[in-house]
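Pasting the structures in now, so scroll down.
In what follows, subunit A forms one complex with subunit B and a second complex with subunit C.
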Partner chain A sequence: MKNRLLYIFFPFIIVYLLFLGLPLVRMLTFNSLGYLISDTSSGILASIYYTYIIALAVALIAVLFSIPYAFIFARKRSLGYRLADSIIEVPIMIPSTVVGVMMLITFEPQMPVGHFIGMIVPEYTFSDSLLAVILTLLFVSSAYSIRIIGASYRREILQYEEVATTLGIDEMKSFFLVSLPMLTKSIVRGVILSWARAISAVGSILIVAYYIYPGFQQIAGVFIYSQFLGSGLPPAAASSAILIITGIIVLALLRIFGGKDAFIY
Partner chain B sequence: MLLSIEDLSFTLGKFKISVENLDIPSGRNFVMGRNGSGKTTLMKLISGIFTPTEGRIEMNGESVIEKPSWERKISYIPQDLLLFPNMNVEKNLRFSIDHGSGNDGIYRQLISELDLKGLLDRKPTELSGGQAQRVAVARAIISDPDIVLMDEPLSMQDQASRLSILSRLRELMEKYSFSIIYVTHDQTDLDFGFDTLTFMNDGQVVESVKSMNEISHVSSRSMLRFGNTIMLNGEYYEVNDESFSFSERNGYLFRHWENQEYHVYLVRIDQNEYFLRSYRLPDGNLINFHLDRMKKMEP
Partner chain C sequence: MHNMKFSRTTITIIVVLVAGILVGVSAGYYIPRGSASPSSSVSVFAAGSLEYSLGDHFNPYFRNSTGISVGSTFSGSVSGARNVQSGIHYDVFVSASAAVIPSLLMPNYTDWMVIFASNEMAITWLNPSYNIPVGAFWFENITSPGVTVAASTSQLDPSGFQAIEMIKLAGLLYTGWNNSSYGAYVKEAFGNNFSAYMKYNAAWNSWFGKEGYLEKHNYGGNYSNNDSLALYDQIFLYMLSRGETKLTTVEIGLDGLLAAGTADYALTYKSQAVNQGLSYFKNSDGGNGLSSWINLGNISESHVEFYQMVNSTGPTTPDDNIGNLPGAPILYAATVLNGTANTQAAYSYIYYLITESGQKFLANSDFDPLPVAFGFNIPYIPASLSSAIVPIPSYMPQSAYV
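Showing the complex of A and B:
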């Protein structure tokens, strides 16, 4: 290390990594391995599985919106479009519980939008439904895939598509044959990030769906919260450790697929 | 006229391009201009990648403004070539054949003419700069265009690779019946001849000439290696070998370099420095300019 700045900056990195790492290590070592194994029968595994499946569905829906969004906003840069584009980040900065409240006052059957949906969909309900969970998670997590796919398309891929059209290939084929295959990596990254974000959402789900009817399932974050309220810290810590281990696997996958730009958020 | 542009305007962010009138005939047409002068934007407007705010673009007398880029028969080779990275060379070359109206016969001929056979299985990242250029040019020609727009596609490469492609262009153009509009910074690209040379500055076409002698604007001259242009008494003049003489008493100070072909003079006039190329040997310490032997130029 000949560069003096390396000596100056290195302690900052150590402190920061300790700050991140210590709670993780603490969480993973708080209970014995035997206790962790016994906690797997508490229902956390089923909850994690359920959460991951829902989060994956949400991430895929987010990507379904991300692709047309990227296509249009790469081409339209007028003020109106730029203003619309700036809305994308808003859900990221809204506190999770506030998102839950926003969902309820929008989609509950007695609210105007919910009432309208109820006129179309028979026996429409919102709170404590799977639909409430999916819409809420989509609200908080879709920005990640929209931004990743949109930025990649606009900055790196659109120009290839434009060249393809000058070779006599129509816009549809150029998009599906040139751009979409080149977007694969960004799509995978978008799915993983939106998925991870959906898994970490708790506050909003506590408000819209503490239990998800009719099966009384709970998403993992809510399950751990109710474990903490009902049984105290050790079982909640054990379930949290199990969730974190799976989270580390997600981050490892993200690193593998994402390359150097994987952690832009 | 192959291509006629009239009253074209387009705005991209803060940059505005407006072309009052530009006629481009069949053949080898070059466009020169500084960075940010609007060359690439003009190419993208001609190709249909950008849609102008207003104006007309006609090809062989027919308006192409309403036509999308894939119907114009104008292929575009950008500076960074943009070979499709997820396809090998063969798929890149055959892309317009497999999915558009590319010409299989041209593909077969170009493979041998541009020595591409050994590259077909390679990915674009496995090509050298010169090889990638040949593939990009071939891919454009295989799409069977009437015009190939070359937006400095060879500028990042060494002189030999660039000149190798340039020297073959005329033959390829005649054989496969297309014209080129070639954007360049480098005057040596003009050494193989041109039919028109268009100069752009600040989003506008300054002038379009058929020979170097027709250049009448200082901004155009300044794009060339030795503009041989000076400003005297607020007016611009083109300098040739007859325009100046040397003296020991009156005139401007100068520095002088000599190479095997010509002499280069650096003259300082009213706080400005000018490079002049001449075949004349200096026979004095000061240089004098003769207004009556110089061509006046427009700013």
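Showing the complex of A and C:
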């Protein structure tokens, strides 16, 4: 039975992998290697570097929120908490441009929340700022680390922490000495996935920060979009290929960290 | 033999999977055909600035008049052309800059176009506290300390480099009475009224010049007397470097930036202002307060020659350049792209657009329709349109449409 199912399912996997792989191969081979190399002087490398650093900062902030979130929501399962918990996925389903608009009408200094922040922080600005990019990317990408770390904590770790507590180790110690070390792999996975999601955000960033003042840097997705509209498909495809190559490296790292359970979140 | 027998469960799985594939393929095949048939529809890409006049008014009228349904996409003209280059097909392509069609779509996607309307640059705002009263020296309002100004990015949207040209033209108009190249146009613009010119010139120098208002307020300024680039430098160099000039994509919508308070003023088309409910700087007659000599909306020979005295070159950080093009009037153009299945429907759409009915809708939306459309590459223009066009006037610079 098992072998038969393997034979039945195998063609589907082939079709699916082809479906995923063909556009990637097409993008990577759209330009010659020489053209790809010449495109590295277009500014895409600096943009990717800048994007990766920002995305890493965002992913680390997401993890910072994920750990207390996991701790609380593993223990509290009443209706109110479950409702609050359901908000986590909402940013994933909101169209990217809508997220950009939401950020603007919330955090712009002339809007109520932004005005309040402006009263506390002198010379507060939002659009075209690094803060705008970080908050927007955090909004769209934090759900991934929250869910990975939360699920891991609840399913795999909470029981050990409870055992530690019954052995007389206080709650604080058991969390930091037992749970956190066991969460390391999930935290790394969460960082990588939130990081990857932050890199892929474009529509929302086009709205809140077409460029980032004062250096006028563009995050990679916006840079490629500008390249596509300003210079056409070949340079945009070349920059996209460079971005994809780095993305593949990240996913390879994820696979290495995840081992045989890499696909289970 | 026993191994070859499939259990009921296995058969069920196979049936479900195969049925799923069949349903998916069938849906994919039939759903597009469920929409309007090719014989009665036309797909149109049009510049975002036309969304109100075409999408809300002209397209329904055209459908009711001809029975031909219209599928519309509105976005930046340059981005639309890039989509075409990437394989997306539209039957009709309508651009806010005539030059986009020859430079990006000819000869691979079309061989001709008709130029059918012009538009004007305007100073727009949404928050009433930024109101610019009739007769004000508008360049003071948009460069006052603390004010933010938004324009489109030149590389993505024609209104971006047209804003740059408009700002540079203002410098010529208010400082160039005695200039040997364009002084005659300045005199014509002021009706040879020197004192009228001097009012603006004095305001210009006392605002931007040495020990002028801006310098006294430690906000840039300190430009030479009669520096025609003072306004450009203040907005596109000084304010841009401080984050007080915002360059953004047309897809975002400058009106959205005004609504969110991200920008106080936007440099955009008058039609945009009218259609999106923005206020704009007006003259005492209720028309555009920006002189026709600087708003890029006049196609008379002298105006067009004056427009050519500036170029589209913009700031380099961030890069806002599309090349060093001479200034030119804002011209809207349309064509039918190669590969269109129902060319007659597409030709019909353009015919309606460039003749009486379409021009009426455009005028209602504060565009400036041309009395008769101009044809580019006339030998290629379909016979059904040739009766509605004339050749492009020889005084019109090629940079306005190539």
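One rule holds for everything that comes next: the second predicted complex is superposed on the first by the 258 of 265 C-alpha atoms of A that agree within 3 Å, B and C clash if a C-alpha of one lies under 4 Å from a C-alpha of the other, contacts with A are read in each partner's own complex, and residues count from 1 in each chain.
We adopt the following convention: contacts are C-beta pairs under 8 Å (C-beta built on N, C-alpha and C of every residue); 3 or more make two chains touch, one makes a residue touch a chain.
Everything quoted here is computed from the prediction, not taken from an experiment.
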Message: Do subunit B and subunit C fit side by side on subunit A in the superposed arrangement, or is it a clash?
response: fit
- line: Per residue count on subunit A, the busier partner among subunit B and subunit C is C
Task: Using the touch definition from the top, say if A:Val140 reaches subunit B (first), subunit C (second), both or neither.
output: neither
Query: Touching A:Leu177, do we find subunit B (first), subunit C (second), both, or neither?
result: first
Task: Return first, second, both or neither, reflecting whether A:Leu5 touches subunit B, subunit C, both chains, or no partner chain.
output: second
Statement: Between subunit B and subunit C, as viewed from the CA centre of subunit A after superposition, lies an angle in degrees, nearest 10, of 150
- prompt: Where does A:Tyr160 make contact in the superposed view: on subunit B (first), on subunit C (second), on both, or on neither?
  reply: first
Query: Looking at the overlay, does A:Ile149 come into contact with subunit B only (first), subunit C only (second), both, or neither?
result: neither
Query: When the two structures are overlaid on chain A, which partner does A:Pro214 contact: first (subunit B), second (subunit C), both, or neither?
result: second
Query: For the superposed model, what is the least distance in angstrom between any CA atom of subunit B and any CA atom of subunit C?
result: 31
Query: Both subunit B and subunit C touch subunit A; at which residues?
result: none
Task: Enumerate the contact residues on subunit B facing subunit A in the complex.
output: 13, 44, 47-49, 68-78, 82, 84-86, 95-96, 99-102, 139-140, 143-145, 149
- prompt: Which residues of subunit C touch subunit A in the complex?
  reply: 6-7, 9-10, 13-14, 17, 76, 78-79, 82, 85-86, 153, 155-156, 241, 243, 246-249, 251-252, 256-257, 260-262, 317-318, 322
- line: So, in the complex, the side of subunit A touching subunit B is made of residues 77, 159-160, 162-171, 173-174, 177-178, 181-182
Task: Spell out the part of subunit A that touches subunit C in their complex, as residue ranges.
output: 1, 4-5, 8, 12, 97, 100-101, 104-105, 108-111, 125-129, 206-207, 210-211, 213-214, 216, 218, 226, 228-230, 232-233
